[in-house]
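Take a look at the structure below.
Chain lettering (A, B and C) follows the sequence in which the chains are written, and residue indices restart at 1 in each chain.
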Amino acid sequence: MVKDLLLEIKDLWVNFYTYRGVVKALNGVNLKIYKGEFFGLVGETGCGKSVTASAVLNLVQNPGKIEEGEIIFKGKDLLKMSKEEIRDKIRGKEITMIMQYPVSALNPVINNGNQIAESLIANKNMSENEAKKRVIELLREVNIPEPEKIARQYPHQLSGGMAQRVMIAMMLSAQPSLLIADEPTTALDVSIQAQVLSLLKDLISKHKATVLLITHDLSVVAETCDRVGVMYAGDMVEVGEVDQIINNPQHPYTKGLINAIPSDRRKELVEIRGSVPDLVNPPSGCRFHPRCDYVRDLCKSEKPKVLQVEKDHMVACFLFEGGYEGGESGRTD
Amino acid sequence: MVRENLQNWITSWNKKHSSEISDFKEAVYLIRKSPLTIVGLSIILMLIIVAIFAPYIAPYDPITMHLDNRLAPPSKAHLLGTDELGRDILSRIIYGAGIALKIMIIVLAIDLPLGILLGLIAGYFGGWIDEIIMRLSDIFMAFPRLILAMAIGTALGPNLRNTMIAIALTMWPVYARLARGETLSIKERTFIEAEKALGTSNLKILVFNILPLCLSTLIVRATLDMGNIIRIAAGMSFLGLGAQPPTPDWGLMISTGRKFLISQWWVPTFPGFAILLAIFGFNLLGDGIRDISDPHLRRGRQ
Amino acid sequence: MEELIKLREIKKYFPWKRHQYVKAVDGVSLQINKRDIFGLVGESGSGKTTLGRIMLHLIDSTSGDIFYKGEDITKIKRLEKSLRRNMQIVFQDPYSSLHPRKKIKDIVGSGLRTHHLVKNEGELITKVEEFLNLVGMGEEHLYRYPHELSGGQRQRVAIARAFILNPEFVVLDEPTSSLDVSVQAEILNLLKRLREELNLTYIFITHNLYLARIITEKIAIMYLGKIAEYGETENIFENPLHPYTKALFSVVPKLYPKKIIKRIILKGEIPSPINPPLGCRFHTRCSEKIGEICEKVFPSLKEIEDKHFVYCHLYD
């Protein structure tokens, strides 16, 4: 079954021009997201995952600048679109985003129902009454009990989990093709997190949407996502299906990450030696080489090419001379 | 041997204070980026130099009268002319700088410590002591500053010393409230809780942990107020409540020179410019310092 | 096993608006022994953070008793310095637990000065250096400011600050929650090592079950201000008894998801600690609720297997 390509990020370079120097945040990132899938982008602080998400919506703020690259969404390069086009057609419509702290993303002086209704009226040309009805439907869809009451309430009255569900309702109202969720459950309790993630999964299959989930928590990805991309210091180091990445990790960083996560199979946590590099002066060649147990001379001078490990599983590491170059276009279905 | 020791000492001092040194360099860099701040700083530096070296700079004595040369227009001998008692206006303005600065420094020297002390105590301990201090400050803040200063000045007697006391009394509540506000937010922060867990006494927490963090806001506010102090002091002197003749106080000079505004305009005008320049300089400096303090702190915290 | 801390029916109610209280801790009894690594596990509103602070006497309890080595310290307003020295804490957020304008040497050395453990600056520097090395940091950090350090480094400084006083027990309040996963591993291994070297007792507060399993030996699961279940960590993991514990296990995202096990998705929100449900606090979300008794009566303590205790009507 051939999967449809929804979003393709090609060779994305992003720099931040700060007082201390130029932060080379994204180092030529490549990513493919297919229609209908739940894709997880995983990495630690400073890896560039949030910058990648902002770039998709062309929301990279000063002092950041997108230097090079293409972001192809449904055949068109988002980076070449005019500001108006992105604002009118893409943001909040085709591509929507939910974030870590939903309450601060909501307008505190408008009640919840009206906020959702506003976007329905503006974007879908509904009348006020139609919109109000649809709002209640949407709230019910996201499993909010007593939707009429919640619609009348204000954002600050909502708990974290409820607020996130209201956000999801708002995003769904636009019927987007791509939903970007940037650490949506990090600030939530574990029991609430499970609710919200399970809700997202249900809605995805119902509405045939695609989700890009950004998180630092590999366990969350393991439970919810279909495919995973692991980022380190501005590079995409490994991409593959969740099973492949968790059970057959190839990149030393991925392995290190898995060994450092407390899980039911682990009694000891194994550290990754060294620390995350300063992106103003990143290491030469492979950015992970100072911390890698398998480092070779080549790693210090050249940036690793993307090699294929198995079907749908790519890694950027010189350890795999056996695999052939190509990136994902080399795969066969 | 001595040189080696000195070099070692310098290197180790550099190492110990490398953070402060880079902060200082950053501050200088920011100052250089803001031309208005440089202007303000220059004006103030000039003012300070003039005030300190007045006896050497002023061409004439500011007090001695020369009744044969009254109300002379600006000329080569008297660059800014002479006043109604024949005194050189330029010299009087030069000496007046020192007076203006003195007033400002003394007012701040009273208000800053007083305000900080009361504000820290009120904010940290809360309860009835907070209530008392706040209500006291309410009383002082209920009146417009100049009116209150005038009232106190009149009550105490018109002279420069009482002007300074009067102005100080009208301004301390601002600093107390500012210090209290800062204290209220700082005391909730985790590192304060950490000090308590370590057993640090309340006094040490206040002085060594909370105070250093309040200082920047208070100093910024103080520099922004410098222009105000000069203005109010000039106003008080203008009304006869402050400096008394023959003191070369700028406000007094305007007051006594007022009636010559039309015909011998230089008599009140130049002192007026001096006040204008001083206030302008302090305002620019104050704005500049405020701008430097804010993003600088943010950047430092990453 | 020497008893270090004993808590009896500790309650902490924070006043909130008129005549209402946030019942952060609502009747907790526990005993911590010397050399324990005791975990307090729960979500937000469980009261674990408040309980940790109460054990340290940083917060007064509203009612209940605290015993330290057998001595009743409940009523003491301000702990004498020697006691205060023995109980230390490492906070969750390394970005706010260090004073932004103080140098690292002064941050770590603060306690040394307060308790007169050093006579002069020279001795302070020596001792601070020693502990910085102990936590894996070099003497180049002595004169730096917190903002120059990474999160992991700051947390190491916080650990040095607490441990330099040679305390008897240390409360670790989610010490790694704000850190990246790889840094978390370093800090946890450091804490384990230090515990062995310095012979300490830990009270480890966390919301991460698997983290608790790695470091703790005994554990108490808290929910809405009360304990649901407590005992030895391995027992609780092998044989969770309380429905909340079981649900928690089921709901925690796992790196190796067991697709066979049915997930108990908890219904509803965590109730507010201002009006916690009567009876068993968990009954509003419990899938194994028996009936009215769960709604009206708080379960009494039952010991199910050796040193494995639970508060649940299912075991009456």
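Here is the rule we use: contacts are C-beta pairs under 8 Å (C-beta built on N, C-alpha and C of every residue); 3 or more make two chains touch, one makes a residue touch a chain.
A quick note: this is a predicted structure, and the numbers were derived from the prediction, not measured.
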{"item": "Touch-based graph of the chains, sorted into line, ring, star, complete or other", "value": "line"}
{"item": "Chain separated most widely from chain B, comparing mean CA positions", "value": "A"}
{"item": "Where chain A and chain B are represented by their mean Cα positions, the distance between them in whole Å", "value": "53"}
{"item": "Centre-to-centre distance between chain C and chain A (centres being mean Cα positions), rounded to whole Å", "value": "32"}
{"item": "Length of the line joining the C-alpha centres of chain B and chain C, rounded to whole Å", "value": "50"}
{"item": "Residues within chain B bordering two or more other chains", "value": "none"}
{"item": "Sites on chain B touched by chain C in the complex", "value": "15-19, 189-191, 193-201, 204, 209, 212-213, 300-302"}
{"item": "Chain C partner contacts - residues on chain A that touch it in the complex", "value": "44-45, 145, 159, 161-162, 189-195, 197-198, 216-220, 222-224, 246, 256-272, 275-276"}
{"item": "Complex contact set, residues of chain C against chain A", "value": "43-44, 150-152, 180-186, 188-189, 207-208, 210-211, 213-214, 247-248, 251-257, 263, 265-266, 268-270"}
{"item": "Chain B contact footprint on chain C (complex, rising order)", "value": "56, 58, 79, 81, 84-85, 87-89, 91, 93, 96-103, 110-111, 114-115, 143-145, 147-148, 158, 161-162, 165"}
